[in-house]
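The two complexes that follow have chain A in common; it is paired with chain B in the first and with chain C in the second.
Take a look at the complex of A and B:
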């Protein structure tokens, strides 16, 4: 397996605060990684730093994605190169409808790859199919992006976008938070449907329950801005049982 | 009054003296003379006046006040597409163009006597350009629907062709709806050709009890024009007035709206959207006077200023002591889309009774960083992301515009202003 993402000694500041402090992580194509950690450990910062959010300043370290320097790309080019960030708090954009955003996003990626625009009919067929998988009503298509959606609907919409965009690396930031058990299963089904030998998924999560449904190959514990312990899925179960303190004390 | 203003009044008086013989008697000589006297006493508005600070009135110095002597020939193909079901009445430089218009009938007459409004008292200070119209107007449209009449759909299309140096145009519109009458009215101001026209329009709207008027105003004059308008509306008990005012045309525009809710449970829905770029100055003054119990206002403003443009919205709400149970809501938002652009959004409340609900919110800011990043993170180009957000912002002011065909054409025109239309293809229209 070749490395899809290589993060080395990453130091990231938000304002005057150093949030990531020497984080290293390698993700191979075909694998699912989970990053867990207590509140404030830097989980969301990792997602934003990878996606290129302004205000998340990389002080030092490197991020290589498909052997290229990810950090020199603006956010939209990272997305078109196959990186997808599922937001913990998806943003409401009243007035821009969902299907327009989906289509514009797909066409932006196609344009970057020198492909013609997607056929409108084929596109709608694909979107409807993915919506069925996410058990979303078609009425969502013509509504404003996330406008008036419940917490669970917003998360399902993130996964829908992911399924339509078919990213190479999906970074999902607490996609499980605020979901009831049925919605969690739907979201997990969506994520699992994307798994393939060419793709990788990085799940950022606070609880291990999502990992019952999307079984990770690796589990990492993030604390004080760096990865302090890595293991297989049994680590997540142990964290569920014992909490984070024993790791923090050992680290 | 400054010297410049004195000069203007002197010029105005001499131009009136020269034109007086040719002015139609539909506005009585006496009314014209009184208007001229009031103007001479009060002077024309200028930027030192409290409610005129943001207006750009510079063009007044160089225009001829009287109506132009000749107007260009306008062909049907020069005009925006007609609206299905609407009777269209076309005015060219303030004169009814019979050949381009639907036939007049008992309910729709051509007359300059469009004024029924109260031009004096304190409110009159804001209506001084209506006085100017009283002095020089040559034509107008009077729509009078009686209680028994069926709902009408009427479009008044005002076309400017003449340069301001040749004369000003004074389109006038009077609407009188009897009890229970219903009117769907579209009023558009556009240019044919590229002249720097001076358009000074007046609209007087009177709604009897239970009448309903849907009024969409669109100001899309050419880039060198000056657009002044004065609207006076009176809304009786249980009557409803819904006014959508959309402006993105002219170099300088000032819209003065004075709306009085005079009867119990009179209702106003006022939506104003302005989009400015380049060096445009688009200013709106909206005074809403609640003078009866249970009067209700829903006021929404959206303005986007790009480049070096300036936008003003001054929303004054008065709730009189006899307007117990009044319910007013102002939601005013400005979006700065250029580092040298300026927006002044100002809610003003004057409340003289206790039992009222008066909510207001006014904000001006730049594009939302969260929304912008969300779109970028989906691979959208920054320029397109910004256009989309501007679009989403102004859409609040367009939603609800009837007829649908007019709303769509407005959406398309504004979208074009934000971005090459190809990039926004698919945003408009239905997708299912």
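Take a look at the complex of A and C:
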């Protein structure tokens, strides 16, 4: 299996604070990885650093994505190259239609690949299909991006965007937080529908319950800015049972 | 000096007399008044336009009043003093000798903008001020258009034409909403205005199409002191579009227009403006001073006047489209998007004067500042003792792009009737790093993201614009804010 993403010794600071401190992680195409860890361990920072958010400064280390230096690319080019970040707290953009944002996103990626703009009719058909999968109401399309959405609706919207954009690598930052069990199942179904041999998913999560529905190939524990333990999905179950302390003590 | 002007006037008069045979509009080409403003100049303009006595007198009264006034200084704008004696008040088309001969001579930047806005090729020459005699496409369109209006009984044409053909309407309505003494710039306009638009919609008629200055041919050069009068008789309805999204080239720095609207019982006037005069360059050099007085009066019961404006151009904008709600149950609306980029300054807003019972007004103002732009909302909601049950809702939002611009809000509220309801909401926000990054993470470029966020911000105003105007306005906003985010 070829590596889709190779993170080596990544050191990232936010302001004056070093948050990631020598993180290494390799993700192969076709796999699902879960990153777990206590609050403040740097999980969200990893997502932002990969996506290129300003203010998340890479001090040292390297990130190769599809054998290219990811860190050289501005955030929008990373996105167009198939890197998707599902936000933990999706921001509201008042007055901008969901469907409008989605279409602009799809067309930006197509343009970067030298493809013509998406046909409006085909596009709407695709979006409706995905919305059905996510059990979202039609009226949602004409609402403002995340405007007045409940926490659960925002998360579903993130997954909808992901399904429409069909990323190669999806980094989902606590997509499960704030979801009731039914909504969690819907979200899990969405994520599972994207799984394929060409794609990979990195789930950042606090609890293992999402992993009952989206079964990961690997589970990593992030603590003090680096991965301190890796294993298969049984590790998640063990964490659920025993908490993080035993690992932190061992690390 | 006075003797000289008089001699000039006589010469011009002779010239005018000789050339009238060839038609009014061609003879204008040949003359221009020397700079300066006095009673002779006003008489000259009035005579040149073959105006009836009442109008000459009215102009002179305005001039005499203007001479006692001072330029207002309360607006939140800065500019060097204007020398009113250095302006020529009859600047008939500045001899086409100075105008570019073809598009090849036009500033390539301007052409680039036309490109971005998708302005049709045959339109570009006219907008750029190229010395072409007529644009045949629009002439034929305009002719068909005039026929349809005539069938409906709607009078639509230049102000000069109306003075000749319907002097009784001019005499009855001119200055009844914006008196010649109203303010410094309105008084100046009243004395020296050269042309503008006139619309009269008779009782019960719903104007069959949107009226647009675009179709008002043979009144092309009215830029500097424009005078517009729109009258909607009882039960009539009209929608008027002013301006055009493409940037207009103009030699005159000072623009002081006056627009008066009169709506009688159950009549409705919708007035939409897209203003895109030259804003000056990115260092704040040049650009138009747009000092405009716009006011509508709901003179009858259940009348409605709605102003919608998208202000993106001009170096300085000083403009408060207002409604005098005299008739019972009458309604006034003001929807505005004002953008300032680079060194542009805008001080704009509205006045809603509630006189009649149960009058209602809505104000939605969206100010966008970028670069070093300064954007001020100034609004007055005045409820007089007679306005029982009057209601106003004001929403005033500012959006800042970058850290060197400014947004200011001056809402004045005077309520003299305890039964009135006045609501005011205001917000100031910045395009957040979070919103921007969210869009970037979806692959959308920073520039497209800003445009998208700004359009979303302005949505409640854009939806008030006629459809095709709204699309153009959105494109215009994108061009205006180009480069606002690095």
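What to note about this one:
Note that the second predicted complex is superposed on the first by the 251 of 251 C-alpha atoms of A that agree within 3 Å, B and C clash if a C-alpha of one lies under 4 Å from a C-alpha of the other, contacts with A are read in each partner's own complex, and residues count from 1 in each chain.
Basically, a residue touches a chain if its C-beta (ideal position, glycine included) is under 8 Å from a C-beta of that chain, and two chains touch if they have at least 3 such contacts.
Only a predicted model underlies this, so the values are computations on that prediction, with no experimental measurement involved.
In the superposed pair of complexes, A:228 makes contact with neither chain B nor chain C. Contact with neither chain B nor chain C is seen for A:237 once the two complexes are overlaid on the shared chain. Touch criterion met: A:75 reaches chain B and chain C at once. Looking at the shared chain after the overlay, A:99 reaches chain B, while chain C stays out of its contact range.
The residues of chain A shared by its contacts with chain B and with chain C are 51-54, 74-76, 79-80, 84-85, 87, 90-91, 93-96, 100-101, 104-105, 108-109, 112, 144-145, 161, 165.
On the side of chain B, the complex with chain A involves touching residues 369-371, 373-382, 384-385, 388-389, 391-393, 395-396, 426-427, 430-432.
Residues 432-435, 437-446, 448, 452-453, 455-460 of chain C touch chain A in their complex.
Residues 51-54, 74-76, 78-80, 84-85, 87, 90-91, 93-97, 99-101, 103-105, 108-109, 112, 120, 124, 138, 141-142, 144-145, 161, 165 of chain A are the ones that touch chain B when the two sit in their complex.
In the complex of the two chains, the chain A residues touching chain C come out as 51-55, 74-76, 79-80, 84-85, 87, 90-91, 93-96, 100-101, 104-105, 108-109, 112, 144-145, 161, 165.
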